[in-house]
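Remarks on the structure that follows.
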């Protein structure tokens, strides 16, 4: 009787969870009022919920084991990939997508458009980090530092020299790229998780410097009144400038996807992937490891810097609290959730991770709990990401042996 | 490419028309932290505005028009505040009570200024919001941080006779702003000097180093800008290290939670906070209304938001329901309103006149107003 | 001179706290090469369990000694249970998945546990009962070193020595080292690798809980968010000392604590964290595997 065994298993799991959550869910001790409240109902809830969830999971697992055809297909996201592989379908698909993107703000309120701008900013940030983490395999936990450099470049240049959005945009991006090289140099020798903690430290150092060096950055009170981009000298109303920013972001996203796509197939892109797969073999092939790594850091940071400028222009106010470690974590989650190295995946990941909390507002206080749970579940059921990258194949067809 | 520009310009022009408003209601937006870890600062304001608006509507509204409330959450984050502001405007809000945090307010204000919408914050205390003169549409029903810092410094120098004051802050917007003003006022007074000016990291596992440093500086008073969790940790560490200096802080510390958490270490601590209003009949009434409607005690900034809402309704009555910026501004400046905070009006910068701070000391587990 | 001594004591206490948490990081990393981001949360849950049990027992009128022992045991037991469960749910299904997937899973777990405590208990800071009594013999020196500082230092020393012995001389210790070196080979030799990993998580989590209890008692208050900053600092300490090395974690913690303490004392506490991270970056530039970590040569 396999079903009985499953029930026994689920019962045991339920008991374990009741025990596990006992102090925190059941007892509420108030040291001030000197009262202890025993919330036994919570224990019953935990027990019942974990029993049914566990049972359902086990039964589903059994069912899938018996019907392997239904198992997870390893050419994951194949639907989108199949469309993208076929050039005619791809053109139609991209055309519809573009049309939808262009028409979106005319049907949605400016609030929706505003959220979409945020989501698009994260798409570009994700694509930038994707170069560093996804392609070159360098785990960067301080990516937000470059975002901050871009944002503060625009804010400070505007404050002191009155520079506009379009002048600041390339400057912010280039300064961030320079920052990427500065970070890259000392960490060239480090590998894996040592690299992670140093980049984390770098991100924190930048944020703390912005917070404490008040003469330079105005400290925690931030910089206000950063102008939105003007449209050929016209001053725009709020709704118009949101619309304009939205189209700027659409252009940005398209440009980024184009460049990143070309980069991936270029000489340096191949070098990054080789570096990710095997550093030693890569060196043995004659690839300059230092130059390749620095290029990855600089190019990743470049996009983050550009987006920092856009972010500053969008919110018109920045302070160091917007550039915490949590932000780096969210960008990294976008990359991993979408599928490392996969451009389509990162785009989807960014849209999901930014729009999900926004629309999860109905859950109010359970929002972050759900967010954490979703991250874990996603990883358990799809560790390779939503739409994993597929390795390019070069079929050996029509090879004729014309050796003499 | 030129065609594209023309098309874009055409689109922009198409969307330039002002949003249409239903003429029968006046929409008032309420923005603040309604979720997340700072919700306890934002929700009381929302409740206060609801109560005032319900009361006004029951009495027939303003000039025959009913008032409609639109609530929007900004979680006290600048980037979400701009989203909340655009959403409120796109839904047709003509007046906004909010935002709750200074950073969020700074981010959202240019958007409201652009749209010519009056904003009254119950709790944003950053001085530059009013003193910079950049936001003619901004008002607040709370005193700015510099007023508070001045009262604290006066009390430390004249009331306690402190000669050597250590100024500590929590590196946050609010705490550091307060501390910088305190430092400036101490230096300007010429009667005392700043022994130390430093920030502590909120959430650090140990504060002994900074307390040792205060001790080393031989300060006879410690002035702290920040919130109660750090304050209670520092006070506890000071007791443990046998440091006798007086501890003076701001209204982020004048919170019952501080006394609950710090326990007997809290005894003797000074904190400035809004004037005691427990004898004001309007305040008693406001709290009773909250109790009747929500079956719980009102939280932080409840009275301030209540006062802001009363001021807004009063100004609307004065303009016969018109919501244009110059008219409302004029009405807010000239009309005296009776509120739970006392009788208030607004000065040319937008700060409330008649809202003040006093100094409290913890005695036997209660904040007691110190009469100077 | 006294000021110098005070700063040393403060720095050592701080360092010992970091070290206790860092031990868990280092053990887990050594065995499965995962940065367990949820470790800071386990520390927080340990502290919260101790808070709940200790407060309840105090209210019911138990003597202090009983409260300390029961709360300490409960904290260790439940934190270990959480560590074990987190590993089973969030990490075990991901063995063999791409390298960064468990990391994201850990980050998700960390969000989840934080918000779980926030919702089930409270968002406010709560006062933690003073579980460490004042020692009379320390009274003349109490401005330099307090009872809680002494207890924290002693605990860290005892834990480090015990742990080193366990890993060096016991069967399970040998199994741990074998798994860390080559888990496939260990499996072939009949070691139950899953069990070894579970035990590692249990030990690491129990240590974090003890750290949580001591810190909470030292600082006097806790909330759901205390695990985040402590976790990052402890992780930095573990890497500084050479991740995977037990004495390294303690050395790294102490060094980090002393740097912060002296940085605050002689320069400015504004840049406290900057000192800590700068030290980390500097040391890693010159010794890329950390202070006591072995520089491994990668075999092809």
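Just so it is clear, A, B and C label the chains in written order, and each chain counts residues from 1 on its own.
In this section, contacts are C-beta pairs under 8 Å (C-beta built on N, C-alpha and C of every residue); 3 or more make two chains touch, one makes a residue touch a chain.
Note that the structure is predicted; figures quoted are calculated from it, not measured.
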Leftover contact groups, counting everything except chain C: one piece
Relative to chain C, chain with the most remote C-alpha centre: B
Pair of chains ranked first by number of touching C-beta pairs: A-C
Euclidean distance of C-alpha centroids - chain A vs chain C, Å: 29
Centroid spacing, where centroids are CA-atom means, of chain B and chain C in whole angstrom: 38
Distance from the mean Cα position of chain B to that of chain A, given in whole angstrom: 34
Overlap residues in chain C, where contacts from two or more other chains coincide: 126-127, 270, 273
Interface hub residues of chain A, defined as touching at least two other chains: 32, 212, 365
Multi-chain contact residues (two or more partners), chain B: 171, 199, 260
Chain A residues touching chain B - in the complex, by the definition given at the top: 32, 106, 109-111, 114-115, 118, 211-212, 214, 219-222, 224-225, 231, 236-240, 242-244, 247, 311, 314-319, 321-322, 361, 364-365, 367
Interfacial residue positions of chain C with respect to chain A in the complex: 29, 33, 35, 45, 48-49, 51-53, 55-56, 58-60, 74, 78, 81-82, 85, 89-90, 93-94, 97-98, 100-105, 107-117, 119-121, 126-127, 129, 232, 235-236, 239, 243, 270-271, 273-274, 277-278, 280-281, 284-285, 288-290, 298, 300
Interfacial residue positions of chain B with respect to chain A in the complex: 8-9, 11-12, 15-16, 35, 39, 73, 77-79, 82-83, 86-87, 89-91, 102-103, 106-107, 109-111, 114-115, 126, 128, 134, 171-173, 176-177, 180, 199, 260
Chain C - residues contacting chain B, complex: 3, 6-7, 9-11, 13-14, 17-18, 118, 123-127, 142-143, 146, 149, 215, 218-221, 223, 225-226, 228-230, 233, 260-261, 264-265, 268-270, 272-273
Chain B - residues contacting chain C, complex: 37, 40, 171, 198-201, 203-210, 212-213, 215-216, 228-229, 232-233, 236, 240-242, 257, 260-263, 265
